[in-house]
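Both complexes shown next keep chain A, but they swap its partner, so chain B is in the first and chain C is in the second.
Right, the complex of A and B next:
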């Protein structure tokens, strides 16, 4: 109702109103998509877990003393006492029933350098059902984010007699509900 | 005709010399522009448009600021950060983490900042409001004790939280994983 306002001015106002609505919509959508999704820290967690396991198994390039049995070779008790020796606690909070199903897993394989196909000793701990998620590499899969995140490390270590071993460490973290918007 | 000649003569003889013309023109122009009764065009549509734009931008900035410093977002972020610190940490470490944004949010929600971070076993709980909170677990079997807010010289909270990492009892560790 402004005097002197022409038809063109009105069209421009409507155009600007539309632009403002589009910009506002875009900003709200971006903010919602950014802050509406939880922070996914599973990859970092998996890396830290794999590093901690490596630190526990190999100390300054030598196998942990507790891995050696008195009769020679690997000591099976290391696997049984893995949590206390390496100082891990795979229990989780009670949310989503995580206190009943472990949200972590690890598989450690020891190989002679002459045969890197068949492991001479292995340790499996945690919820091994998540291991299959590590082989889901298709990022285009819409469920990709829902899979557990894994971290793989390969290290070499010497035993007491100076024999060299290849150690493959696979560590994974599930905790999907708190890291991905389902 | 006489009048015309008189007017021309007045104009011709009263005009300034050629080298002073620009100054004279400027004088005339300023007199015309700033004279008391001149009627300027008030672009009221433009003023309204600018005000609306400023309001619109302010709303968007406020919205983004509120989203980024929302209690839930900060609770989640802090709980995960502290859990990762615990995972990576080693016994005898003392970590100070900056929760100053969280302190402001807790103050706004009238929540005691000293109760913001709690650790139960290997689960970190962060709470910045009465109804809410976020929990996240860590796998490193260390004792985080009771985290407490750091204070400045005057005893006021400075926004930092102190976390001490110490070794856990081995027997307790075995019992937890069984």
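Right, the complex of A and C next:
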């Protein structure tokens, strides 16, 4: 049988082997190029973070009681103890040295109804260098995907005395290395 | 001699078909790789696309409704401030 094989048959066999290799390589390249890019979940992660902060700040329509100082007004210790009071850890991941450089930030501003421009109390936590990324909205910019993704939430709550407050929560997530193929 | 020439002509024709078929296969594979690469780059989980159920409620709205339940004085002013955003894309 082998002895009777002509030269043309041998060439065709090599050809089919080459076609199989090309197709297998193509399927591998397709799978690699699709699954090689990570899912960018930062937008939804920032949204969840902002929701959790809102949950800590306002409990059933009232401001967290730890926000009030004994002398009235806001308690500055809330800002200092923000992580422990609200159970946050902005240095939770050690990959890429993120335990030393926080990949999250939040800015919380409290306003009176009469003046929504100047906040009466504010809390800033995490790596505030990423705040400027929130205002980079030009999607045509080639570095757009590398910018931190932000979420803004606005809520209304009252203090113990019934005074009304408007609260703006800005939360951002960087974590570019894990969410974008660089 | 003449029959030999005729055979050669047929061989060239056969080979040409195989070359075209190979080029078609390569073209299909390369275009599929390109498309899968584009699809891979656009992978992002966007909050607008996540709908758990019809009854899914807005977390923040629920919080505000609790506060309105206590005091809804100046509700229109509060609501108009809440729907504003400093982030352009929201």
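Operating definition for what follows: the second predicted complex is superposed on the first by the 148 of 182 C-alpha atoms of A that agree within 3 Å, B and C clash if a C-alpha of one lies under 4 Å from a C-alpha of the other, contacts with A are read in each partner's own complex, and residues count from 1 in each chain.
Definition applied: contacts are C-beta pairs under 8 Å (C-beta built on N, C-alpha and C of every residue); 3 or more make two chains touch, one makes a residue touch a chain.
This is a predicted model, so every value here is computed, not measured.
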- Query: So, A:88: does it touch chain B (first), chain C (second), both, or neither?
  - Reply: first
- Using the touch criterion from the header, give the chain among chain B and chain C with more contacted residues in chain A. C
- Just chain B (first), just chain C (second), both, or neither: which does A:33 touch? second
- Task: Report for A:155: first if it touches chain B alone, second if chain C alone, otherwise both or neither.
- Result: second
- Message: Looking at A:19, would you say it contacts chain B, chain C, both, or neither? Reply first, second, both or neither.
- Response: second
- Message: Between chain B and chain C, whom does A:60 touch in the aligned arrangement: first, second, both, or neither?
- Response: second
- Can A:166 be said to touch chain B (first), chain C (second), both, or neither? second
- Query: Once the shared chain is lined up, is A:41 touching chain B (first), chain C (second), both, or neither of them?
  - Reply: both
- Item | Intersection of chain A interface sets (partners chain B, chain C) | 23, 31, 35, 38-39, 41, 44
- Contacts from chain A onto chain C in the complex sit at residues 15, 19, 22-23, 26, 29-31, 33-41, 43-44, 47, 51, 54-55, 58, 60-62, 113, 116, 134-135, 137, 150-158, 162, 164, 166, 168, 170, 181
- Spell out the residues on chain B that touch chain A in their complex, using ranges where they run on. 44-45, 49, 53, 56, 60, 63-64, 67-68, 70, 73, 76-77, 80, 83-84, 87-88, 121-123, 135-137, 139-142, 168, 170, 173-174, 176-177
- Which residues of chain C touch chain A in their complex? 18, 22, 25-26, 29-30, 32-33, 36-37, 39-41, 43-47, 50, 59-60, 63-71, 73-74, 77-78, 81-90
- Interface residues, chain A side, partner chain B - complex: 2, 5, 9, 13, 16, 20, 23-24, 27-28, 31, 35, 38-39, 41, 44-45, 48-49, 52, 81, 83-84, 87-93, 95, 98, 103-104, 178
